[in-house]
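Remarks on the structure that follows.
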Amino acid sequence: MKSELHNAETAPPLVSSSIQIIRYNESYYEEKNTQCIDDCFSLEDDHYITWINIESTKHFSELEKLATHFAFHPLLLDDITGLEQRPKLDDYGNHIYMITSMLDYNINSMRVDSEQLSLILGKNYVISIQENGKEGDVFNPIREKLRTSKGKIRRMGADYLLYSMMDIVVDNYFTIIEKIGERVEDIETSLITDPTPNTLRRLYGLKREMINLRKAVWPLREVVSKLERLDSELITDFTVLYIKDVYDHTVQVIETIESFRDILSGLLDIYLSSMSNKMNAVMKVLTIISTIFMPLSFIVGLYGMNFHHFPELDWYYGYYAVLGLCFSVAIGMLVFFRKRKWI
Amino acid sequence: MKSELHNAETAPPLVSSSIQIIRYNESYYEEKNTQCIDDCFSLEDDHYITWINIESTKHFSELEKLATHFAFHPLLLDDITGLEQRPKLDDYGNHIYMITSMLDYNINSMRVDSEQLSLILGKNYVISIQENGKEGDVFNPIREKLRTSKGKIRRMGADYLLYSMMDIVVDNYFTIIEKIGERVEDIETSLITDPTPNTLRRLYGLKREMINLRKAVWPLREVVSKLERLDSELITDFTVLYIKDVYDHTVQVIETIESFRDILSGLLDIYLSSMSNKMNAVMKVLTIISTIFMPLSFIVGLYGMNFHHFPELDWYYGYYAVLGLCFSVAIGMLVFFRKRKWI
Amino acid sequence: MKSELHNAETAPPLVSSSIQIIRYNESYYEEKNTQCIDDCFSLEDDHYITWINIESTKHFSELEKLATHFAFHPLLLDDITGLEQRPKLDDYGNHIYMITSMLDYNINSMRVDSEQLSLILGKNYVISIQENGKEGDVFNPIREKLRTSKGKIRRMGADYLLYSMMDIVVDNYFTIIEKIGERVEDIETSLITDPTPNTLRRLYGLKREMINLRKAVWPLREVVSKLERLDSELITDFTVLYIKDVYDHTVQVIETIESFRDILSGLLDIYLSSMSNKMNAVMKVLTIISTIFMPLSFIVGLYGMNFHHFPELDWYYGYYAVLGLCFSVAIGMLVFFRKRKWI
Amino acid sequence: MKSELHNAETAPPLVSSSIQIIRYNESYYEEKNTQCIDDCFSLEDDHYITWINIESTKHFSELEKLATHFAFHPLLLDDITGLEQRPKLDDYGNHIYMITSMLDYNINSMRVDSEQLSLILGKNYVISIQENGKEGDVFNPIREKLRTSKGKIRRMGADYLLYSMMDIVVDNYFTIIEKIGERVEDIETSLITDPTPNTLRRLYGLKREMINLRKAVWPLREVVSKLERLDSELITDFTVLYIKDVYDHTVQVIETIESFRDILSGLLDIYLSSMSNKMNAVMKVLTIISTIFMPLSFIVGLYGMNFHHFPELDWYYGYYAVLGLCFSVAIGMLVFFRKRKWI
Amino acid sequence: MKSELHNAETAPPLVSSSIQIIRYNESYYEEKNTQCIDDCFSLEDDHYITWINIESTKHFSELEKLATHFAFHPLLLDDITGLEQRPKLDDYGNHIYMITSMLDYNINSMRVDSEQLSLILGKNYVISIQENGKEGDVFNPIREKLRTSKGKIRRMGADYLLYSMMDIVVDNYFTIIEKIGERVEDIETSLITDPTPNTLRRLYGLKREMINLRKAVWPLREVVSKLERLDSELITDFTVLYIKDVYDHTVQVIETIESFRDILSGLLDIYLSSMSNKMNAVMKVLTIISTIFMPLSFIVGLYGMNFHHFPELDWYYGYYAVLGLCFSVAIGMLVFFRKRKWI
């Protein structure tokens, strides 16, 4: 253990800034980036709220120190570092542990990426552990509010900080939902103007993403609902109302996803039907051409026969009569098709 | 705060009449339009019921004053002004807050528009905030009843006023349902007489609207059910029976929507099948024509060959024989098709 | 109010017999048709069970008098006269109010018609209000039993009378289910022997009726279940067992409807598939004809060419050779198709 | 009543042996067939378990005597004799009444037949009433165990006897499930090797039977679950464990049926797709033939024209050139199709 | 019984090593393979945890001895030896009995095989009975941890040992899920590049396996959930948290299976649609060829007629004019198709 600590202290500088500690109360604000988690051990104090943000689950030894310091259950550490966990909430009495999914819409690949976010709420602290923190941190708006003392966040407890983070996570879902909504509209338009097999592939891609999205959001709903109904001293009645609001938003996200699924299945019907319409159109052209020229070919074939006794061949206007007959048959056919509304 | 108040007092006249205050009891009735919400602060009184109707969520400063005056939770204000909220009900003890959706069927675009309606029920007051009030206000029947003292509304409390508003909202749903029902009948008729790709598009449009409608009505059901089971002093047992009635109507709306969905999916089957019938008809024509003329073309081609030794060509009635043969083959084919019930 | 009463007393004779009052106990039976509801006001008596049957909801003033007399909640009257109500049950303490649907299978239009039936159970009375009573009243078997004192109905209370009526309503559902079952069999047979677009239309019609039927029966189940679990003094434990029986029957009706829906969707698959089989058959004929005659036409076309140097044309048996070749090609093709199991 | 008794005593011998009474305890066993139910009235005794098995619901007067003797509720008798009852369980305090379905797989018609079995459990007795008992009675294994004193059945109470009967009924379901499983495999095989419209009809037949089976088994699950949770003195804790086991088996049957349904719907997709593959194959043949011979026919037609100035016709090798051209075109087309992977 | 014991003692050596007994506490570890279960009877001791692993359900007499020794309920023995049991959990007070399914993905047959695993948790012991133990035992990691005293398993009770085994079982599911995920990707790729009827068959095979998998995992979820909520002295609160973790994993497996099912149904749509695209392509080729050559054939047929008076035939450039006409018609058709985006 000792050696591990030592290693951590001499950790390469590239991860040095990935642990960030913010300490505040109504009148005080302090923010520092640290190389080593030990710095935070002295931070606990009833007069301040402490927010420890760890930007990677790879800081295993640091996480272990945290776990030892705060006396976390061994399972909790497993859950933080284990990837692709299902969102869940565990109440350990003096702290609450939550896993949520942060979603990100990748514009290039048109895919929804998912990143795990672990949140631990204690009496005076919140610990947030991102799977793989990025430059443009989604929590910046919260930091900004804390720094500038905007809103009521500085006056409130750690539970309100937790709520703020969950609120941002769920708000992010709405952004993704909106972008997906735009793509649905796109596909809808291209289906009506010019459906191609490629449209179907995009439809299928969207459907698959919807399945992933749904898989991520459904358990989150459970988590938020559990948090709302949790009878814990760590969460004040005042904050519960805000969590309820987050819950309502989660349900709204889910309902929108469900209605997208319904819309996509409707679009598939449109696609299949327009494909069969195209086929129908091709068939009609074929049938019209065949139906017009087959009798004509028969007629000219008839007068191409070599019978010695063939009176019509001797008629002076026979050729013109055949031309006229062919013309009449063709016109008749066209009239027939017009009546059937084929042309 | 002070300056905001001042701004509000000198607000542009175009929104001046959009706040309406009605105060009544069994023997008294007063109605006024006001520019500024301050007017209502003196209105609270146990002997009267006060109804404040605000026709736009854009009166932010006015809403803020209201919130301060009635000591509303900060979230409530967020919910009122935040758009596209999911219908919900929050019980804050001394007042109940509800979001519902008012639907409107746009005849031109054949779309269902949705507008958010916030309702706050307090001891002696109801506050209704429309997202974007219109001339032909849906609440006019209630105002009329209040003015003319028709029905029992003047004798009842604020909860009955709330019920009356919800009743009108849900009754409106029935109107929309009815209009959609007519369109379903229309599509049904045009599917049986003459299905076109356009019919499918209308079918899809209707399906999509049904998805939206469903998304709006399902949560309302929850809200009304919650209101019915709410153990609040603000709602008398007498009114609960009426709310139960509203609940039954909501369920009826939902069931009708569900059965429309079933009907639409049945219509899609009809459409697809009639499309495939059309294709079948085209194929039959093609096949009949080909099957009749291909053998005939072969026969006349046969006698168009230039063999020097070709006895049939010398026959005197050869040509007539070929004509007869062609005729027989054609008749035979037609009989065959008749037997197969193709023609 | 007074004048209304007067009007009722001088009501036109055509509705005069539509209110029927039956009073009975184990040893006593009295039955009378009346013009006016006032006659029944003196009928209440602990020693008798009174059954008031009103055959039309148009007797508004009579219903109002009833409501006043029995002190019904104003909503109850609204529910009775309001049409297309969803089946429901309201317990008002000293009386229970139920709406159910009486279904009737119209043989001519092959449609299921629905009529609203309101039932009110009080201490010694049952009031039944039909939407639009008909000659062949469904309650005749009950009247017969009462008159002839058959069964235990005369010995039992008003709750048993209520049960008897519900039992008849639900039994009627079975009759309808049976008739629909016959139609399902019909369609099944005609699908296997000769499917036509008309079969599909009948299938769709049946599906639509099933949707209506389901919409009528599902809420009834809830109503009966609620009645069974109701903790009311108006219903004895002995009768609860009978109501449970009615509940079981309702569930059986629902399950049968659900299985019909499954069967119908299976039939649709059969229909679509047999349509595509027909198409396949048409295609095969076309392909067989084309595949046989196209090569033949090429062969005879070949020998119709006018080349000066064309040795085969001079062969004495050239023509016969060509005939033989054509014959061989045709036979070869047929063998090929036989192998592919096309013919 | 007296006369009915008399009639029963002189009942025709053909039904004489259809009532069977078994009386046993750990050290005693007696079995007798009787003509008349009166024989059993003296059989009640705390020291013995009595099992009365009635093989037909047509012994109405006997059943009535039983009902009178054991003081059964009148509904119970109705339920026994009424056919096509839904499986259910009623607890009458001193006896428990159950309806279950006994299923039988008819090998000839490939249908599942259903027969109603009523079971009544009292303190020292079990009464079993079959709808229409058959020679090869399904309860023979139980009788055998009782006679030979095998297993623990002789040492246990009437509740264990009831369990044994239910166990046999549910075990029978597994046999049927297995047979249906074999048919599913059959259809699967024939779909892959040679799908015909007949396969579809078998698929549909199986689907329909699955619907019936499901309708029979779902309510049974409820019944067994109710029996398990029943807080009755008639069922010992020891036996409850066995009933739980029966419940698990019922659930297993249901899950197997559900997965069969899923498999069948997958098979339908396979069928439809293989039908469309067949169509595709036909289309390809048609297209290949047409695409090869149409250009050829045009070429030979070209040289069949009668223009006076037609230089190619005078070429000495013109005919051979045309033959070569035709050959090249045909080869070219075949190469084209090979590239498209059509042949 | 005596003789049975004797038989067991002289059991053939081939099964001699299939019973394995491990006894451990924090400071002690002992492991032995035994021929006969009697050896374990003396092993019970409050100071040790005993794990008895039986690798085959065929050791019937040994299992019987175990059952007698530990006073198991007779049903428990039936369940262990009865095959194809549904996963379940029975709490017998002083011991808990569980059936779970161990799944194994067979790489050759690409099938998921299922093996029953029975687990019995007592105060100081766990008994595990495999249906058909294999060489590469899945429990080896646990044995390794016990031997090397790695992790906390040696310090914990029997309930933690049970958890470890369930954890391994569920972890195994993830491996299978992953392999199936790879196959889904495979099929997806081959559907986009080159869909064949074989792809459909693989799709169907996967769907069928998913049905089986689901049937195995759903009841396991129930079992784990029951274990978690079980109020038993045999399971410490500390271990409950671990079991909750297993539960979360089970739910994750189920959700992944459900999303695979959705993906597969999406793939089926892709397949059917690409099949219909292929058909469309074939149809287009046919139509293009026919539409070009039919008019050409008519033209050359026209000038093949034998009319005596046929002025065009005498034109010097007539033949070239016809060639030009044919060329123009063909070009015109191609332009037409290009406009329709067919080529």
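Letters A, B, C, D and E mark the chains in the order given here, with residues in each chain numbered from 1 onward.
Throughout what follows, a contact is a pair of C-beta atoms (placed from the backbone, for glycine too) under 8 Å apart; a residue touches a chain by one contact, two chains touch by 3 or more.
Bear in mind the structure is a predicted one, so any value in this text is a computation, not a measurement.
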item	value
Contact distance in steps, from chain A to chain E	1
Numbering shared by both copies at the chain B-chain A contact, with half separating same from different	different
Geometric centre distance via CA averages, chain E-chain C, whole Å	44
Chain centre separation (chain B, chain C; CA means) in Å	27
Residues of chain B whose C-beta touches two or more other chains	272, 276, 279, 283, 286, 290, 294, 297, 301, 304-306, 310
Touch-based graph of the chains, sorted into line, ring, star, complete or other	ring
Successive chains around the closed ring, taking chain A as origin and chain B next	A, B, C, D, E
Chain C-touching residues of chain B, taken from the complex the two chains share	152, 192, 241-242, 244-245, 248-249, 251-252, 255-256, 259, 262-263, 266-267, 269-270, 272-274, 276-277, 279-280, 283-284, 286-287, 290-291, 294-295, 297-298, 301-302, 304-311, 342
Chain E contact footprint on chain A (complex, rising order)	73-75, 78-79, 85-86, 88, 90, 197, 200-201, 204, 207-208, 211-212, 214-215, 218-219, 268, 271-272, 275-276, 278-279, 282-283, 285-286, 289-290, 293-294, 296-297, 300-301, 303-306, 310, 312-319, 322, 326
